[in-house]
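Written out below as structure tokens is the structure these notes cover.
Which chain is which? They are A, B and C, in the order written, and residues in each are numbered from 1.
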Amino acid sequence: MNIGNLIMVVVGTGAMALFGIVAGLFYMGIDRVLVARMQARIGPPLRQPFIDMAKLMTKQNIVPANAIPWLFNAAPLVALASSISIMLYIPLGSFAPIFRGYGDLILIVYLLVIPALAMVVGGLASGSPYATIGAQREMVTMISYELPLATTIIAFAWKYAQLGLDNPFSLATVAATPIWSQVGPLGFVGCLLLLVTMILVTPGELGKIPFDTPEAETELAGGLLVEYSGRNLALFYLSLGVKAIVLTAVVVALFFPYNLSSYLAMSALPARLVDGAFFLVKIFVIMFFSVSLIRIAMARFRITQVVDVYWKYLGALSLVGLILVMVDSFIR
Amino acid sequence: MSFPMIPELLGQLLKKPATNPFPAPQLPPTITGYLKAVGEGKATMNPPVPVPPNMRGKMVYNRGTCIGCSLCIKVCPARAIELVPQTKKVRIFVSQCINCGQCTEVCPKNCLNLSDEFLIADTDRYSDKLVLG
Amino acid sequence: MKTLEIKKTAPYTTQIGPAHPALKEPVMFTFELEGERIRKADFAPGKAHRGIEWMGLRRNCVQIVYLAERICGICGITHSLSFCRAIEQVAQIQVSNRAHYIRTIVGELERIHSHLLWAGVAAHELGFDSAFYLAWRVRENVMDLLEYLTGNRVHYAIIQIGGVRRDITPDMVPKIEESLKFFEGVYGKLASIFLDDTTIQMRCRDCGVLTPEEALKLCPVGPTARASGVRKDVRVDHPYAAYADLELQPVTPDQLTGEIRGDVYDRIIVRLLEVKQSIGIIRQCLAQMPDGPILAVPKMALLLAQLKKAEGEAVGRHEAPRGEVMHYVRMGKQESPVAWKVKASSYSNYMSWVPMLEGEQVADIPIIVASIDPCISCTDRVTIVGDQGAQVWTKEELHRLSVEKTRQLQLG
């Protein structure tokens, strides 16, 4: 890597971090407005998450007396940094990822665990019984949604390895050859099942109702985040916002990697802008169905039910999807 | 599996919110500044939901006809009325009144009444607006 | 009284309350937990004591009607009606039939409003905020109707000793009819959202079970008892107001599902069916309402004089939305009562928390606590200040104290 590349990476990382944070907060605002409208409320203005962030940043940062301060303060930073670092491996529209060629799908699955782990550590370090219960629940939730998530990723990895492309696990490869064009009718059904699985894994990863047991406002008073305030809480919110973008971007990259520009025959710069806008629209659609609508249309699960839903139902669903995709490749 | 809330929610997306945006559709930068502007006629207030007839609102006291019989004091559950011995008239503390309207029924001279005014908040519970008589 | 010690080793004890998002009013729970499972549950009420009875003994009966109304922030009729019924018996005031019917109509409207409020709170405890907003939006309509009929949205101030203060004139009937139609229309939607939703079923079925045997032993009242199959309803068992003229049966969950499980889901069913029943009762009342005066003693000065001469004791009961409410009043030829004892419905329901909570998960605490629709401030009649010298009273000691108190009252 030469100096030019290095500067590119540094600038790119900064740009991605900025994009992730701004887009994350922006989509949080959209989510809140739409949710309010669906519940027949007026709701906050679109910029409310930005206002909240600005306010939280100026608030006092309280560390409880029986917390472990360095761990308590480090957790939010780790969460945000790891969320942003996943952004570097994900294609946005027709912009290729900054670390193209360095990471693949499997790495993303691993990286996705880190923000959740940071929250667990932060919860355990805060020394509150509610946060401790929350942290335990978060760990259980994490273990639960890993199964359907991993099955989905395996289905993709297996399919692309089967196709004999070079670098089969890379998201860029998936983006270049959309899955739907590579499968027959059976595989199509399988991919639909995998899509449903991913849409339902997303609220679990983000800790939204019905999978928000770790935070459970009415049970644990905020659970994991109960002791966090001020800047630390703001960092956690930012990391959640960025993680929401990351997860929906992964779904988009896996299932809907299509771009408008290739159909419209455009020149380079407008094409990039159109693709970027189209990408934001795709993220919005995924976000609406997998976060906004689900989180207000259901009651919260108990932790045992979270495990049941992810392991039994979604595990089975994704396995059926995987098998269908496999069967489809063998009979073709 | 059935989620009867989903069609309800999606349907509501196309309808108007149920909230009445009172007093202003968006939170003004300062409430007191906004109310001042409304008072001066520079801004318009979004009207509240209309109240039904015979709603029990803020007390109205006709001091002239009061004979100081103190029947109202006897029935007031909140002890919001006191007799001023010098003038033989009553004084009503609106901030303490619970708007039950018992005094208006008991008054032999009909000098106590309930209006339909309900915006009676103030920063001083003994302000001129909130002490009648 | 705390019977569970706070320990730092497993099984852990943890406290929920007095202030906690799961609790809409202050009460303190102590749980012995094994992981997510509750092994033992204990609670300590008395965090919202307001000394209402003490205030009542320093006011005359007309004033107490409005004070009693403010015992509960939700049921404005409940306490004032029970108190008035007690006083009317002591002073031998005959309430006209028309007033009885108006009391019934307003009481049933209040039941609709209270059950909808509960449905919203229960949905919120489950994390289902959309159902909460929907239920409360529907509730706005009944509150508007109550405001139209009585003049106030919450504390209606319509009950008076000897009758009611406002008449329901014929020109008000169309508006009531319109509202009843609205409720009938929206009832199906609400019932489907609360009863058919998979996630609500997952959370509420077989959760917080109170078996019929325990229900008989612990004597809960209202929907809590009826959901466990105990057919207990003051309106049917000891009819008052206009209920003796009306067709009604205690609501039990088997009327909808054919079985009684006594879980949280059954309590949802009972409350929803009662909303429907209340609509029917109001219809019957409107059809049968007789003419006549609405107040037995319209002149307040006269009434006060009559009450000052009254002597004796009586109990007034009313089937509140949460169950039976009881007011004991003793008058002794003075302006204020000699004794006034209020038993709110939640007082009888509290003890059923313990068997409901034990063996369930931490996640179920909010919904189980909410499932009896606790009205904590209404119930608190006693508070303990400071924990020094606190002692546990045995049954015998409490019995001795009550005998002493009764003797004191009888001697005057």
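As a working rule, a contact is a pair of C-beta atoms (placed from the backbone, for glycine too) under 8 Å apart; a residue touches a chain by one contact, two chains touch by 3 or more.
Predicted, not measured: the structure shown is a model, and the values here were computed from it.
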In contact with subunit A as well as subunit B, sorted by label, we have C
Chain with the smallest distance from its CA centroid to the overall CA centroid?
C
Among all chains, whose Cα centre is located farthest from the one for subunit B?
A
Distance between chain centroids, defined by C-alpha means - subunit A, subunit C (Å)
46
Using mean C-alpha positions as chain centres, tell me how far subunit B is from subunit C in Å, no decimals.
28
Shared interface positions of subunit C, touching two or more other chains
128, 130, 134, 137, 197, 199
Contacts with two or more other chains occur in subunit B at residues 3, 5, 9, 18
List, in ascending order, every residue of subunit A touching at least 2 other chains.
38-41, 296-298
Given the complex with subunit C, which residues does subunit B contribute to the contact?
1-5, 8-9, 18, 51-52, 54-56, 71, 74-78, 98-102, 105-106
Complex interface listing, subunit C residues touching subunit A:
12, 14, 20-22, 36, 123-130, 133-134, 137, 197, 199-200, 202-203, 361-366
Within their complex, subunit B touches subunit A through residues 3, 5-6, 9-10, 12-13, 15, 17-19, 21, 25-26
Where on subunit A does subunit C make contact in their complex?
38-41, 129, 133, 209-210, 212-213, 216-221, 296-305
Interfacial residue positions of subunit C with respect to subunit B in the complex
59-60, 62-67, 70, 128, 130-131, 134, 137, 140, 144, 147-148, 151-152, 155, 157, 165-166, 189, 192-193, 196-199, 300-301, 304
